[in-house]
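What follows is a set of structures for review.
Consider the two complexes below, in which chain A is the common component and chain B and chain C are the respective partners.
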Partner chain A sequence: MFDRVGGIAGARGRVALLALLAALVGMPPLFDSYYHFLLSLMLINVIVAVGLNLLIGNAGQISLCHSSFMAIGAYATIYLSTKLGLNYWLAMPLGGVVAGAFGCILGLPAVRVRGFYLAVVTLGFLEIIQIVIEQTPGITGGVRGMSASRPELFGVKLRADLHFYYVILAVTAAALYCAHTLLHSPTGRAFNAIRVSESAAATLGIPVARTKLIAFIVAAFYAGIGGGLFATLVGFIDPLEFGVWTSIRHVVFIVVGGLGSIVGSAVGAAVLTALPEILRGFKEFSEFVYGGLLLVVLIVMPRGLVGLWPWWRARGRASPPARTAAVDKARAA
Partner chain B sequence: MTAAVALQLLVAGLSTGSIYALVALGLVLVFKGTGVVNFAQGEFVTLGAYTALFLSVFTPLPYAAVFVLTVLLAGAVGMAIERGLLRPLIRAPAFTVVIATLAIGLMIKNALRLAWQEPVSTLPTPFSSDPIALGPLRINPQYLWVIGCSLLLMGLLVVFFRASRLGKAMRAVAQNQDAARLMGIPVGRIYSITFGVATAIAAIAGVLFAPLIGIEAEMGGVIIKGFVAAIVGGFSSLTGAVVSGLLIGVIEAFGGAYFGGIFKNVVAFAILIAVLLLRPHGLFGRAEAHRV
Partner chain C sequence: MTAILSVERLTLRYIGLVALADLSVAFAPGAIHGLIGPNGAGKTTLINAISGLATASEGRILFEGRDIAGLAPHLIAALGIGRTFQNAEVFADHTTLDNAMVGFYRTMRRGFWHDVLGTPGKRAAEHEMRRRAEALLDRFSVAGYRDAVAADLPFGVLKRIDLARALAARPRVLLLDEPTSGMSANEAQATITVCRALAQEHGVTLIVVEHNMRVIMSLADTITVLHHGEKIAEGTPEDVQRDPVVIDTYLGRGAARA
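Moving on to the complex of A and B:
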């Protein structure tokens, strides 16, 4: 049902995917608008998490500034569409491109360092972006934040959350498909190669630095698109939204879901976005619980939720009666 | 700028710098001793400050007793965290350890935020906030106390590592784990003690830092400056960490006075990126050979 990188494979996988897609298209109109908003948030986090997982889970580069790229995409989208009057459907992808450009700016020094040095550099980048957002109120609205409006599509303003949800669903589907294609391309395979061993990858002729840089740019682009959609969905953004806690939340999504797995990113982001909303009174403790969850998953099941899949499939096959029968047969022979 | 103003800036910079130096010292100590880069070190600073706050609010103990008790408690907490949460991950990849320590920090920060809902609290100290006048000089006695305490602590650490049995055992484990184990040094226990000492240093930084910026859940953010100091210092040199910490404090103080607040906030990161690009092993470290 799933392939090596958590993409969909096989007939059963395709049927399950189509069923899920049909449910995501057909079911929401039956619920009220709160659930449309929640589903939209879940899908945006899926986009962001898939991008981050390409960088951390596949290419093996630690990043703690994913929320900064989200911020860059969000601010660029709003600035381009409201201040410069650009069409939203042009501004939003451009927001992703701007974020990708910043990913390249960060990537250039970052490909020279590894491990925890990289973690510190990305933390520094996050701080710098926060300071820049706060200190340039002319562009970003500073600490007071900035408000965004919904776009029009075919002459209809997408004011209802349900309508904008379908836009987000389409973008999410495209993002997941692109990630799947990328991971099966030579570049995507190179991501996994440099994670496993940079020296071995270099010996095989993989340009290590360029591959890392591509991973940074792609991850930043995904976060930028997610940020642009987030700003439009919520209608207001301020720098607090994109602090280090948001970055850590993104890391929790992919660690809990499963590092290096597309399905893992999607499941982790969707479940961990929905849970705090559903469990009332949980919000106050959410950071504490997320921290605990992260520790437990790291120590007990380092492969995340998708790591449970092979175990789940194998259940029953190795059940005691079957084994005794096989042993008896072998003895008789 | 007159000489008096410059000297005042120097003292202010050195006092903030000594906090950075203490944070960097804790980071380097744990890294050398156990190979763990502890992203929760900033939250251990917060934990120290809050422990001192709780002790001084809920018990009638004087400042000196609160200080000593805080350091002992923090050391015990650090040892417990190492034994319970980090030892199972000792062979895990760098990513896992980074994220695990981040998770520990996140939990400490939010436990404190939930336990003490005040936005910013102050820690009562025996020092008045009135500046001492030395000729044209006005110096906050709190600054002198911070600098003095940090220097004393660093001196004690030097003696500890050079002269005491335990300090020598810790250096041996840092140099070569297997050889240390063959010499009969209990490596696991040394890990715990190293972590405990680092946590105690962080707690001292917290108690000293509290009167300078106020106690709040976000004060662990100082870890970034600690990291910059540790990396500029080479990440394996205790002297390097201290000198770089003091240097960054002084550069921030003078930079802030000359070029304003933004410069003060970003200069540390500029230094970090410059050092990583031009001299990745730091100003005091030695270039490391990679085994393929």
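Moving on to the complex of A and C:
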């Protein structure tokens, strides 16, 4: 059903995907707008997490400034559409492009450092973006924030959350498709290769620095698109929304979901976005329960929620998981 | 015949150690060259220098007349020089098939936009890559491990995956660093036979570091013997086996009688 990079594989995978898509299209009208809003937030975080996972989980480059690219996409989308009067359907993708350009600006120095040093570089970038947003009120509204309005589609203003939800759903589907085809291509394989062994990758002709740069740009583009949709959905943004805590939450999404896995990004982001809402019943203890659940997941499932999948498939079977069975088979042959 | 690859007066120093000392070797195209010598002789260092993973202190490395010393490893690979690794260096969390597929990066990539949009051209290339990767794995008798993760596989299998991956990149010159280590005598023989056949089919020049004397003496057209980073002998396997200096420093008296 899933392949090794968390893409959809096989007939069962396709059926499950189509069923999920049908449910995401058909079910929401049956619920009230609170759920439309929540589902929209979940999908936006899915887009953002999928992009981050390409960078961290596949290309192996840690980033703690993913929220900054979300911010850049959000501010660029609003600025281009409301202040410059650009058509929203042009402004929103351009917001992603602007974020991607900043991803390139960050990536150029960042591809030279690794691990903790890269983490610190990205934190520095996050601080700079925060300060720039606060200090340029003419463009960004500064600390007072900026409000956004919903776009029109075919002459209808998408005021209802349900309507805008369908826009987000379509963008999410496209984002997931592109991540899937990318990971099943030479470029995506190069991401995974440089994470495991830069020297082996280089001797196969893979330009290591350029590949990292592409990963930074793609991740930033995804975050920028997510940011643009977020601003439009919520209707108001300020710099606080895109602080370091938001970046850490993005990392938590993919670690809990499963590093290097598309379905992991999606599950992690969706579950962890919905979880605080589900935990509302715990009132003042809800954050305590949230943190506790995170710890349990990370201790019990070191490979994230998607790590449950091979275990679930192998349940009740006497033989060890599939990959060991494949080895046994080959040895016997 | 002019050499396809040659190193000229190559010196490579690490702190307090001369790994290669004023070394000059020429490799003729289409032939199989053996590189032997005791541990620490500089064999792997020479391969690292040619493939760009180590930078020579002095000297030139000429590939088809062009000096490639100091070029980045991926550019050297792009010119058509491939290599395998002593420790196999396969991508440990990849399956056997994925490992081999990485090898096609240079020759089969359609470009970023094809990859991210999933164009028909990219899909066709993907299909073709898979077919070729499976054929290569089959040649090395590791197709049965297709979906197994490399970390779970024995070393002898990883060495063959490394070979298949390097050949997938269609190199003109392929540097093999102890290709048969970790293999049984039969596996080693079979692997070498496949290497030689593939090299002939595609006109690949092979440069092979090998400790297994039986393997290298039967495989190589010419042999270069290194000791302390210097060339102490070169010639046909027969010449080298009879060379008194080589017998003293490396082969030992027993080999001379054999």
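By definition in this document, the second predicted complex is superposed on the first by the 298 of 333 C-alpha atoms of A that agree within 3 Å, B and C clash if a C-alpha of one lies under 4 Å from a C-alpha of the other, contacts with A are read in each partner's own complex, and residues count from 1 in each chain.
Please note the rule applied: contacts are C-beta pairs under 8 Å (C-beta built on N, C-alpha and C of every residue); 3 or more make two chains touch, one makes a residue touch a chain.
A quick note: this is a predicted structure, and the numbers were derived from the prediction, not measured.
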Once the structures are superposed on A, label A:109 by its partner contacts, choosing first (chain B), second (chain C), both or neither.
-> first
Which partner does A:199 reach: the first (chain B), the second (chain C), both, or neither?
-> both
Partner chain(s) touched by A:8 [first = chain B, second = chain C, both, neither] = neither
Scan A:189 for contacts with chain B and chain C and give back first, second, both or neither.
-> second
Which of the two partners, first being chain B and second being chain C, lies in contact with A:56: first, second, both, or neither?
-> first
First (chain B), second (chain C), both or neither: which does A:208 touch?
-> second
Looking at the overlay, what does A:127 touch: chain B (first), chain C (second), both, or neither?
-> first
Look at A:181 in the shared chain and tell me whether it touches chain B only, chain C only, both, or neither; answer first, second, both or neither.
-> second
List the residues of chain A that touch chain B in one complex and chain C in the other.
-> 199
Could you pull out which chain C residues touch chain A in their complex?
-> 51-53, 72-74, 76-78, 82-83, 85, 89-95, 98, 101-106, 108-110, 112, 114-118, 122, 126, 129, 142, 144-149, 152-153, 165-166, 169
Contact residues on chain A for chain C in the complex?
-> 4, 177-178, 180-182, 184-190, 192-193, 196-197, 199-208, 214, 218, 322-324, 326-327, 329-331, 333
Chain B contacts chain A in the complex at 37, 39, 85, 88-89, 92, 94-96, 98-100, 102-107, 109-111, 114, 224, 227-228, 231, 262, 265-266, 268-269, 272-273, 276-277, 280, 292
In the complex, go through chain A and note every residue touching chain B.
-> 56, 60, 62, 64, 109, 112-113, 115-117, 119-121, 123-125, 127-128, 131, 135, 199, 245, 248, 251, 255, 284-285, 287-288, 290-292, 294-295, 298-299, 302
